[in-house]
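In the two assemblies presented below, subunit A is common to both, partnered first by subunit B and then by subunit C.
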Partner chain A sequence: MKEVRRHARLLGLYFSQYAKARLEHRVDFFTSVFASFAGTAASFSVVLLLFSRFPHLGGWTFPEIVFLYGFSLVPFGLFNVVSPNLYEFSGRYLTEGRFDRILLRPVSPLFQILFESFRLESLQEVVTGTLAVVWAVRRLPDVSMAGLWLLPLWAVFGAVIYVSIFAILTALGFWIEDRIGIAPPVFNLMSFGRYPLTIYDLKVRVLLSSVIPFAFASFYPTVLALRKAEFIPFFAVVPFVSAASLLLAVFLWRVGVQKYGSTGS
Partner chain B sequence: MTSPLVFVKDLVKTFEVQKKAPGLMGAVKGLFSSETVTLTAVDGVSFSLARGEMVGYIGPNGAGKSTTIKMLTGILTPTSGTLEVDGMVPFRDRRTYTRRIGVVFGQRTQLWWDIAVVESFRLLKEIYEISDHDYGLRMKEFDELLEIGRYLDQPVRKLSLGERMRCDLAASLLHAPPLLFLDEPTIGLDVVAKANVRAFLAEVNRTLETTVILTTHDLDDIEELCQRVLLIDHGKLLYDGPISGLRDRYLPEVRIRFDLKDSALSGKRLEISGIEAENLGQNRFQVVVDLRKMASADVIREVVNRYPVVDLSVFEPDIEEVVGRIYKDHGRALPGAPVSERPATQVRASSIRRG
Partner chain C sequence: MRPYLAFARASFLNLLAYRARYFVGILTYFFNVTVWYYIWKALFSEVPPGGTLGGFTFPEMLTYVATGWVLRSFYFNEIDREIAVQVQEGRMAMALIKPVDYQAMTIVQSLGESVFRAGFFAAPIALVLLAVYPVSLPASPSAALLCGVSGILSALLVAAINFCVGLIAIRTYSILGFLRAKYMVLELLSGLLIPPAFFPEKVRPVLDWLPFLHMNFTPGRIYLGLVSGRAALEVLALQAFWVVALLFLGQVLWRRTARHIESMGG
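On to the complex of A and B.
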């Protein structure tokens, strides 16, 4: 418990230090925020256009679609904020030898990789997503209040799922030199969770609810608020999926570090 | 003397490396076969260090130096042998162990590149859980010794190499580790900066009794700082002792240089005690005396008795020369190192490993 508190304090410090350094170049920072926002806005408007034509796609109304899409941006944005080093782990840390320095500090290696740098501009996704959810809630006739109150917490669980899945993929770098990259296709799978699961066929549904459980990060967290009775059991499972993927990631990293210790690469 | 701080016995580190045949066909073959070659980077190294010692760890590139250091710092696990530092097994107890060591890589900073130096120090304060009191005390001390106060508000990327090195040294000692590893701490520094770094290290070693393991190619570092030197090549420890002993053992010779009064002998062959003197131009001559065969005093006496000498000086080979000779000779005919008997599969680790 003491270690958890220490790591939490460190996370705050890493973040504020990074933010401070980033904000020294204000113009650069705001340009990135704007560019990031433009990207989100573009893909969001495509969705809006598309779904405004089919008001009941997969049994979901237009405000419900906006609610889901908006919510999905929140765990996705949180993931984007901490993920830049995960992508660069193999090249930047293993190949260039920076990982040695990580191992010389009394802090969890995975923690250091995740929080040594941030993609701050992705916080706009969290804000944009929240605004979309608020817009949708005001247009939805019947929303479960409990589902709404739990939403922020479930967003964090969702972000943990995303981060854990990519941490697992990154840990594979300890064993194989991944030249082609398995991360990009998996990254693209994340966007599947932004739409009602009901529009996909069974294979995709099963994939997103099992091997790569992205449906637990963005879709299932919304079903309680939206009163989608048939999916509500899955809502309750979200924290467990989140914890399980995190444990698996931490475990694989531990084994990976052991492997690094015996081969030095 | 109490128990040693660092205890290393029969330390071995081997790496399994996939055998690669050249060319495209080789690459294709590599996909299916898993033939591996065992490389021995560290081959039965033993030594121990007492608290407060300052030792130089030297050897040519690829000799096994950095592999040893990586095992000592807990980055790598030994293949076999015993390794214990400060009552801990570095790799097994890595997380706790890192609080008891400081590490400086001359070529790579441990400070965060974009933030002010003082902010990096604050992060380290939290990482190592240093109390406000200790932190304040040490910062004051480091400022006195290293004069880093002036740079604290600047980001690391704006510092010169010398300034950065001073900050890195301070950073590595912030948590007052009893053991400090330095890898090329003076690389790329000018004469003044080098002197500053050395003076600081000597002071730290004296006042805090910090044990220091120094790997470097700059042998002046070693000569000025270390009472003891460990020399490694082909993964084996070749020498462990005072630096002067290195000279006695591997290059026991002196050069006697003398100037004669008149130029009558210029261009003539002179022979002293059976050694031919080299004419260095005009009236200056030099003889190289192998100390294993004769005493330099005898040679000097003969020179002075036979010739009209106006000036005479004796030079010992400097340590660069001694070590250069060892690196060059080793692998051919060095006493006590049967290199030629090594199995053919043991390739020098340098060919595959970085740094």
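On to the complex of A and C.
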């Protein structure tokens, strides 16, 4: 428990330090937020333009689609806030030798990599997504209140799933020297979870619910609120998938760090 | 011409150095088409069999999506990021001392990359998509030829756009965030994700007056034979006009930026 408190305090310090540095250039920061929002708005427009014309997609109504897509932006946004260093880990930290500096400190290396810098502007995705969910809830006749109350917590579980999967992929950098990594196609798989799982074939559903469990990050968290009876058992599994992927990520990082030999640079 | 060929060759060889990229890249594009395959399949199941959405039948839409992503794998380049990084890291001086036109050098490098991408990304991705999904071949031999011309113009257009974007991105602190947003906005405006028929009536004319539809929609509809003969040539001429116009804009932006950079030394 003491360890958790220490890490929470450290996270707060890392975050406020970074935010202070970032807000020094205020105009630039707001430009970034605006650019980030333009991107989100563009991809959201695709969904709105396409699905507003149809009464439903795979048995889901338009407000339900907006609910799902809006919600998916929340864990995705949280993931984006902490992920920039994961992408650059192999090149920036391993190849360029910055990792040695990390190892000298008495804090978990994965913790430091995740929280050394943030993509603050991605917080707009969390806000935009939340607003979309609110918009949708007002148009939905029957939403489960319990499902709505649990949604923020489930969004955090979803973000943990995203972060853990990419942390696992990043950990592979300890074994395979590869500047690109296998992250890009996996990143693109995330977009599958933004649409109702009902539009996919069994093989895609199984893939998204097992090997790369993105359905647990964005799709299953919404099914309780939207009262999708057939999927509700999966809702309860989300915290477990989240915990399991986090444990696997932490474990692989431990083993990887043991194996790590500095380039000496 | 000779020095420019050397730049094209160098960027070709650079790409060859990272082999894992191909498999990863092919898989990425495959996933992108796959998610849209399912979305369109679900949407077309709402209309009577053989019905159209936005003027496309299901096989046409699927072909449109596939050609769109194959084309993207061909025209994709990151010269915007490279320009911005060069300036921010102070390496631009190296580029400036070369006795060549900076814009021409950058555009030619990106074409070198596209030649490479044609063979190592676009062709294998096209084969995979043809094997997995019911994608149709070009509507006619002339459609194939004109689509090829249009595809090359697309690559030039994207290079011209990215050159301008790079010069603008220099001014922002988080270049990567800016460029990420660019991808999402262009995926919408180029017609890559949805054909322009799905836009509201009022927005359509605006789209037609922007260059972005020429990135994807123009070659896509030529491939499908939705525009052919004289009309196709007219569309190609308009596409070529935009290439010239944006290259000119890039040159103007560059002249303004270069003056600024010299003062920084680098």
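As a convention for this text, the second predicted complex is superposed on the first by the 258 of 265 C-alpha atoms of A that agree within 3 Å, B and C clash if a C-alpha of one lies under 4 Å from a C-alpha of the other, contacts with A are read in each partner's own complex, and residues count from 1 in each chain.
Criterion: a residue touches a chain if its C-beta (ideal position, glycine included) is under 8 Å from a C-beta of that chain, and two chains touch if they have at least 3 such contacts.
Just so we're clear, the structure is a prediction, and the values are computed from it rather than from any experiment.
Look at subunit A after the overlay: subunit B and subunit C fit there side by side. In the superposed model, A:Ser45 makes contact with subunit C only, not with subunit B.
For the superposed model, the angle subtended at the Cα centre of subunit A by subunit B and subunit C works out to 90 degrees in steps of 10. Touch criterion not met for A:Pro63: it reaches neither subunit B nor subunit C.
In the overlay built on the shared chain, the residue A:Pro239 is in contact with neither subunit B nor subunit C. In the superposition on chain A, A:Arg119 makes contact with subunit C only, not with subunit B. More residues of subunit A are in touch with C than with the other of subunit B and subunit C. Superposition on chain A places subunit B within reach of subunit C only down to 11 Å, the least C-alpha distance between them. Counting contacts as defined above, no subunit A residue meets subunit B in one complex and subunit C in the other.
On the side of subunit A, the complex with subunit B involves touching residues 6, 9-10, 13-14, 17-18, 20-21, 24, 97-98, 100-101, 103-107, 258, 261-264. On the subunit C side of its complex with subunit A, the touching residues are 18, 20-21, 24-25, 27-28, 30-32, 34-35, 38-39, 41-43, 46, 172-174, 176-178, 180-185, 187-189, 193-194, 198-200.
The touching residues of subunit B, counted against subunit A in their complex, run 15-16, 67, 70, 73-77, 79, 91, 94-96, 98-99, 101, 103, 105, 108, 110, 112, 114-115, 119, 122-123, 126-129, 155, 353-355.
Residues 25, 28-29, 31-32, 35-36, 38-40, 42-43, 45-46, 49-50, 53-58, 84, 119, 121, 178-182, 184-185, 188-189, 191-192, 195, 199-201, 204 of subunit A are the ones touching subunit C in the complex.
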